[in-house]
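Single-structure report; data block below.
Chains: A, B, C and D, in written order; residue numbering restarts at 1 for each.
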Amino acid sequence: MSKYDHIRLSAYNANMQLPKLNLVLFTFGNVSAADRELGVFAIKPSGVPYEDLSPEKMVIVDFDGNTIEGDLRPSSDTKTHAVLYKHWDGINGIVHTHSTYGTAWAQSQRDIPIFGTTHADHLTVDIPCAPPMNDEMIKGNYEYQTGFQIMECFEEKGLDYKEVEMVLVGNHAPFTWGKTAEKAVYNSAVLEAVAQMAYLTEQIDRSAPRLKDALIKKHYERKHGPDSYYGQ
Amino acid sequence: MSKYDHIRLSAYNANMQLPKLNLVLFTFGNVSAADRELGVFAIKPSGVPYEDLSPEKMVIVDFDGNTIEGDLRPSSDTKTHAVLYKHWDGINGIVHTHSTYGTAWAQSQRDIPIFGTTHADHLTVDIPCAPPMNDEMIKGNYEYQTGFQIMECFEEKGLDYKEVEMVLVGNHAPFTWGKTAEKAVYNSAVLEAVAQMAYLTEQIDRSAPRLKDALIKKHYERKHGPDSYYGQ
Amino acid sequence: MSKYDHIRLSAYNANMQLPKLNLVLFTFGNVSAADRELGVFAIKPSGVPYEDLSPEKMVIVDFDGNTIEGDLRPSSDTKTHAVLYKHWDGINGIVHTHSTYGTAWAQSQRDIPIFGTTHADHLTVDIPCAPPMNDEMIKGNYEYQTGFQIMECFEEKGLDYKEVEMVLVGNHAPFTWGKTAEKAVYNSAVLEAVAQMAYLTEQIDRSAPRLKDALIKKHYERKHGPDSYYGQ
Amino acid sequence: MSKYDHIRLSAYNANMQLPKLNLVLFTFGNVSAADRELGVFAIKPSGVPYEDLSPEKMVIVDFDGNTIEGDLRPSSDTKTHAVLYKHWDGINGIVHTHSTYGTAWAQSQRDIPIFGTTHADHLTVDIPCAPPMNDEMIKGNYEYQTGFQIMECFEEKGLDYKEVEMVLVGNHAPFTWGKTAEKAVYNSAVLEAVAQMAYLTEQIDRSAPRLKDALIKKHYERKHGPDSYYGQ
């Protein structure tokens, strides 16, 4: 028994969704779940296959990236999670995957254009792609800097992390987040589906136009506005 | 016990086919089943995951979009279903999905060209893509207008909804229908398969010609003409 | 008990392989199995879903296309099977599918170029695509003519049906055959895999060269020549 | 009981991973597992379907390609395995597949460019594609020469087989290896995933730049350098 059991369970359950949703090969992904009051998050141990995971194996880490409880080494991306939790206090779950289409867009260093209502149901702008960081940052505290690279991208583009819950890190792969670990996983699956549809759209028509503003606004507000009428 | 149980069951069964046929991610789709004598249809509740559905959760709605029976809020696309049922009295089932290839064609705002007999076995014309509606219509009663947008597209192109049981709504995604909810689901799967084949055909040869008239006629009549000889 | 039970079972088993190998959607495919001594073949009934099939439902047809035994109507493609059995006496199984990549190549009316050893392990030439037939033939006895269209294609290209056990019918889809129904199904799966690889090869390099003769010869003879050393 | 049982089991287990990871159709692949002290390896018998395999059916072969124990004929690619084991003494497992995307790149005779960190997590250079061998070599001892073709490619490009555990054989398909048969299978799955992502990246942007050196170095050293911090 530990006071962290609830986030261990939450992180475990969310991690186990990744292979079911075809978002990871082997161990190429990780999910964390945070408790704001305790100031910590539970995260997947590094390099452990999904079939060998259990709630007890989740590692407890604080928002500076220090391990608080757990025998295993936490995910190599732990510091990126820590930075985002520390600076974005509205999120309680973060996911990183190398999902196929999302990663291909990240490798091409392009934002994913908003082409349709599937995209607009979830966010009103192109899915941003943060540029690869400069060589000094890479050589330094890399995973830590990845967190800042993401935040800087949002600042420069004037985005709100509460409205845009996903990003591509250039040459790397997607990160997503949300109010819960479960919602963050949902966002990873949405990103991958939207990434595939945008890919196909451009293959069908290289000059396909972006979705027009009225439709973007309408679809986003159906699900997220003050008068939203989607869901129960 | 309710006099609507039969359409609840029919709508439930048809909805459950969507994930099995890989036509939906999460809750991105809905099926309804109508009873013409009772003047109502049963439709999926909004935002409820497929694994949590049951026949009792289906919502009963009339052809003006008013909820008649049921505790849950009906699908956000309910008014589109209502409009189509009200004006096209030969249909008893409607499906909406965001299936991958169908949606990509909708996002490119192109009709799906008829390239082969798989397509001609089901319809004799390109799968129509209704243009995105104008901004006034979007800001107004959006889902209601989507129904009219579909009907107007059929009118302008001179299509008969009894012969062409599918449409793409530009920038959005496919709608299909049929004499039963089951047939409408069948049509959604056919649309997705044909959309993928047409996509690949154009990638192999950007100037691939449309199917010639004699073959279109022959294949359609094998299945649908007065002398059809397909099936039992 | 019927003297045709063995080919009914063989045809049934082979038909059931199609959905397992992802080669068919719904009822878009059929397999037949022939007995040369009895001068008949067993074939899938038309339009019956795979999950409802049983060996008893297979229809017995002679090489002129006449039903000999069975309560159900045979596949609408039965006459194509009959023509091929009648004229190519070395085959005992035929498969027709609308598999995704094979059909896309058929729709683009192109032979599938031989790009690698996966292809050369099975045949030494491009997978032929028979041109769509002329309008008179289409309006006439269509499925019967499809058989002749295939044979004419082989004659014009100087191909031997015992060495090239597959063809695309232009604008339509693949047919494959073999010494047994099981081998014909195997060939359908090979055709689909080779079709996908050739598609991807051209997307990677539009001017990818065909496989050179020495490699074609070597790989084919490993599996099929007098000194073959593949298998047991 | 045989002194080779441990490598038979290891080879069997590794072979059975190939269909689970969607890396093979039918029998288009093979894995071997070596014991350096005994100077032999266990390899899949030729042309036997995966569902019929058992540890006892694995064939024991020495590093010159001679069968030492076993009733079945070993894989037709056995001599390629033998050559690599004989000359590269740091490897104990080899895999050959015709996985879809890897084979498509091999058919286009191109190295797979390093576009992102998924690739850099495993190797620091493009995945090499050995050119098709000359006609004399093909006509001679083909599978034996395939081994030398791979080694020559590594020599010419200045690659170390301990750092780059995978290759494409031009017009043919991938080979991978590793310290264990299990690791070699892992590498085959990584190659296929990286091949698909690189394919998609080029489709999105034909002039996508290769990953920059600082990121290549960082990601590789996270997993493989003296200060690696990935895994447990």
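Criterion: a contact is a pair of C-beta atoms (placed from the backbone, for glycine too) under 8 Å apart; a residue touches a chain by one contact, two chains touch by 3 or more.
Keep in mind the model is a prediction, meaning the values are calculated, not measured.
*Asks:* Counting hops between chains that touch, how far apart are chain B and chain C?
*Replies:* The fewest touching-chain steps linking chain B to chain C number 1.
*Asks:* Work out the mean Cα position per chain and let me know which chain is farthest from chain A.
*Replies:* C
*Asks:* Please work out the Cα centroid separation of chain A and chain D, and write it as a whole number of Å.
*Replies:* Taking the mean C-alpha position of each chain, the two centres sit 33 Å apart.
*Asks:* If you average the Cα atoms of chain B and of chain D to get two centres, how far apart are those centres in Å?
*Replies:* 46
*Asks:* Which residues belonging to chain B are in contact with no fewer than two other chains?
*Replies:* Within chain B, residues 203 contact more than one other chain.
*Asks:* Just spell out which pairs of chains touch, all of them.
*Replies:* In this structure, the chains touch in these pairs: A-B, A-D, B-C, C-D.
*Asks:* Touching residues of chain D toward chain C in the complex: what are they?
*Replies:* Residues in contact with chain C: 25-26, 28, 45-48, 72-73, 76, 98, 100-101, 103-110, 132, 135, 138-139, 142, 171-173, 199, 202-203.
*Asks:* Touching chain A in the complex: which residues of chain D?
*Replies:* 115-118, 186, 189-190, 193, 196-198, 200-201, 203-205, 208-209, 211-212, 214-215, 218, 222, 229-232
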